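Each of the next two complexes has subunit A plus one more chain, namely subunit B in the first and subunit C in the second.
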Partner chain A sequence: MSHTFDFDGRAIPFTTGQSVGAALVAAGIRAWRTTRREGRPRGIFCGIGVCFDCLVEVDGVPNQRACLVPAAADMIVRRQEGAGRGHLAV
Partner chain B sequence: MPADVVVIGAGVVGAATAWYATRAGLSVTVVDRGPVAGGTTGAGEGNILVSDKPPGAELDLAMLSSRLWRELGTEVGGFEYDAKGGLVVASAADGVAALSGLAAEQAKAGVDTVVVPAGDLAEHEPHLNPELAGGVLYPQDAQVQPMLAAARLLRSARRSGATVHTGVEVTGFLRSGGQVTGVRTSTGDLPAGAVVNAAGTWGGEIASLAGVEVPVLPRRGFILVTEPLPRLIRHKVYAAEYVSDVASDDAALQTSPVVEGTRAGTVLIGASRERVGYDRTLSVRVLRALAAQAVELFPVLAGVQVIRAYRGFRPYCPDHLPVIGPDPRAPGLFHACGHEGAGIGLAAATGLLIAELIDGQQPSLDVAPFRPERFR
Partner chain C sequence: MVTSPSDGTPPAGRAMETYDVAVVGGGPAGLAAASAALATGARVVLVDAGRQPGGQYWRHPIGDLGAVADLHHDLATFRRLVAGASAAVRLFGHQAWTVEPAERGFLVRAVADGMERAVPARVLVLAPGGYDRQVPFRGWDLPGVYTAGGAQALLKGHQVVAGRRVVVGGTGPFLLPVAAGLAVRGASVAGVFEANAPAGWLRRAGSVLPVAGKLTEGAGYAAALARHRVPYRSRRAIVAAHGAESLTAVTVARLDARWRVLPGSERIVECDTAAVGWGFTPQLELPLALGCATRVDVDGSLVVAVDDLQRTSVPGVYVAGEACGIGGAPLAVAEGEIAGRAAANAATAANAAGQPAVVVPSRLRRRRRALRRFAAAMHEVHPVRDGWQTWLGEDTLVCRCEEVTAGEVRAAVDELGATDARTAKLLSRAGMGWCQGRVCGYATACVAAGSGRPVEADLRGVAERPIAAPITLSALANPEGAPRQQ
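This part shows the complex of A and B:
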């Protein structure tokens, strides 16, 4: 049985043990975050949890490293803009 | 040729001293055993506060320094000078009354104060805990990035002819009779007309090399740093207890919430104070207390990640005043240290006063309350 998680409304298939980032790349998605100052695209860079480039919102929590979070069925993954908490700005 | 001034310490106080002395036309050499801002300065938050000082000599110094930092922000710049203002809050009515009383006294001394009733707090800080009882706003409170401030002031001084030696340790003093005529260092002697002890927490050790006692001791403080965030917090916000913690003579751990955003997006969370000597051990207990208090003030922070913590030593004297001025016990030696947790804020005025004193001018402020020989 194949599993999927939701990425901005699209069902992304993954295999057991695969990270969110790996599944996104396998689905042809290479960028899922924009930088805070210049809005430039970012996705997997180091792939091992060090560089914090691949940040993504998972189940409502921003700044998760897509390369480290294991994909799970019914997970809701969202693109992240900037710090990912823009709605809190005052 | 001897320099007019040798400054020991490339932190923000040494940098400000070098800057003002250079501007006065003096030749200046700065030495530090570490890098720029590698000691006391680099462990600070960068506060320039008038809000936490009752009327008196230290408030006068802070008022002068606040004005000077604003000028330096334009004249030198590049160090994230932010006139964000401070908001001091209390959780109960008696705390608000005490705050308002202090504010009234400070206002007589020229501090701008705005008493904020509970219902108006959200207008100033939308994420503040709605259960707080009220506070006082201090528009003159500001912040700088302390390491950048030291570095920019030194760079500016160097462009005007000052010399900076990092990685050079002062090992003793040159004397001629009773007069201090320079310093001995790990790379050779540096003769000078005047020597300034701007060694921060280690100011007492430098003083003892000159054979005089200046009782500067370390008080450890931790600061938490959050992940980068959009602007959640507009002012430096802290609880009324911070003022009494600073003035306390208790050696045990004290924590009171001090929370502020920075230009870089991170939120800084302090402040702890404890007297444990130069022990740098990370204390999870302290970090936990700081985090819990910050969340109490700003519930929104409960869902935010802390990415690191840093700590350092605030140089305190028994009477909680800095040591600023010439040392009559060692003519030629000037002290500019012992500012406790207010060193970044008080650096500009300290630098100006020391430069004026060395240059033989009338100082902009009476330094008698800060005289080094006042301890006994």
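This part shows the complex of A and C:
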């Protein structure tokens, strides 16, 4: 069974039980965060919730581990810049 | 048989009874412990962060083990343990963020969907498992570079092949199933680069033969690699990753016996994905939070010290599996079974205020001894040698989270006078970011130790983390029913 979630305006298909991160990798998207200091691209590294490299904004909440969050239909997933506090406008 | 996450889960918001035994961790060791404790009649609660049993070793898509059965080893044991543990109260999707002593034993504090829940138990079995040990190399933070376990988790847990053209590197037998799995699922595996020389196995046949099942497992992966024409090269390592926004190539080099690059041996291998692992690091937050004594194992990892019954230095706390020494799933199952029996016995003895002798069958003790010898032989053949530090540039990241370079860690030692890993960490901020040093702790301790080996205090200094999993302040302020913070 296949559904989609929204990633920066693009519909990403996923199968039941897949994580947000796994679905992004399957769609050919490998980076969805930039680092605070150097602005370097990051995506999944450890894949099991240990490294926190794959942080992403899910339904308005930043700093979610994409490798752990189960994908859900109609989820809004956004790329995360720096500390992920852009939504606070500070 | 696969259980659904809701099975056996009590509703939130109710005071919980005190269990005889709380098992934290639903992988091979934890399942075996829960199953063995239940068999003695103890009341058991099983807490795991995953949505279903299996841990990392028997990871599978939710409700669909069959789809990845060919990627797994010894599923008969998995099914037996899941059936044996089915009478436990199961708290899956619950990340234990700390454990603490309580009036009648211990409290396991776990967070699930933004809510905190405190689980009381007389006796604890901790089976937290481990994750890939990493050493840094140039460009290792590029997207497309995965831990070996990360590539494996995408495959076994989500049926996603990490890339089209893949290189696998590092050291240890785990590289084989990772490469074989990727090849079987259609990736072009350009090579497996093992930094050690595993021909050393042949000289240790005495340790290997009593646990021949392990050899058969390795032989199966080797056959899969041969079938898919995957080259296996020893004394070679991925020493640099290249690409702008993501990985496009790696440099592979030949190594001398100390892992220094042989000049002129470097060659570029085009690939979109690299999977790297250098053995494993035990997950020690919970035992360290309780003050369990540790030791440094043969492989250089900090591990929990346990006795014949898997007892730690803290009364009532048992540890089984990778946290008391990296040794693989069969050893974890044997240790879990011993810990489960012993813990249940201690808990029910505490009820009856007596102390009957614990009976651990001698076949189980013999099996543990044989598997530990196998693990020690494996560690001797696959050590991490200190020459990897010569691969790093001054600007190579050691700490990915805080973006601290090798040069900055070295400056903390050479210029700022740090004499131990913890001080080097505090001065450079290596290991002080999101992951709290889980990924770079070992490397930071090694770089801080320079040409020497990190000692136990160094490894403890980068392993102690008071909070084992992220928890929101609202969940802390309002446990058992706090709404998820938005």
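In this section, the second predicted complex is superposed on the first by the 86 of 90 C-alpha atoms of A that agree within 3 Å, B and C clash if a C-alpha of one lies under 4 Å from a C-alpha of the other, contacts with A are read in each partner's own complex, and residues count from 1 in each chain.
Rule of thumb we're sticking to: a residue touches a chain if its C-beta (ideal position, glycine included) is under 8 Å from a C-beta of that chain, and two chains touch if they have at least 3 such contacts.
These numbers were taken from a predicted model, which means no experiment stands behind them.
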{"item": "Touched partner set for A:A22, first subunit B, second subunit C, both or neither", "value": "second"}
{"item": "Partner chain(s) touched by A:A72 [first = subunit B, second = subunit C, both, neither]", "value": "neither"}
{"item": "Which superposed partner A:A83 touches (first subunit B, second subunit C, both, neither)", "value": "first"}
{"item": "Greater residue coverage of subunit A in the superposed arrangement, subunit B or subunit C", "value": "C"}
{"item": "Contacts of A:A11 with subunit B and subunit C, given as first, second, both or neither", "value": "neither"}
{"item": "Touching partner for A:G49 - first (subunit B), second (subunit C), both, neither", "value": "second"}
{"item": "Subunit A positions touched by subunit B in one structure and by subunit C in the second", "value": "36, 61"}
{"item": "Of all residues in subunit A, those that touch subunit C in their complex", "value": "15-19, 22-23, 25-26, 30-31, 35-38, 40-53, 55, 60-61, 67, 70"}
{"item": "Touch list for subunit A against partner subunit B, complex", "value": "36, 61, 63, 82-83, 85-86, 88-90"}
{"item": "Residues of subunit B defined as touching subunit A within the complex", "value": "125-127, 227-234, 265, 300, 303-305"}
{"item": "Complex interface listing, subunit C residues touching subunit A", "value": "49, 51, 56, 61-64, 131-132, 141-147, 149-154, 157-160, 162, 245-246, 400-403, 433-435, 438-439, 485-486"}
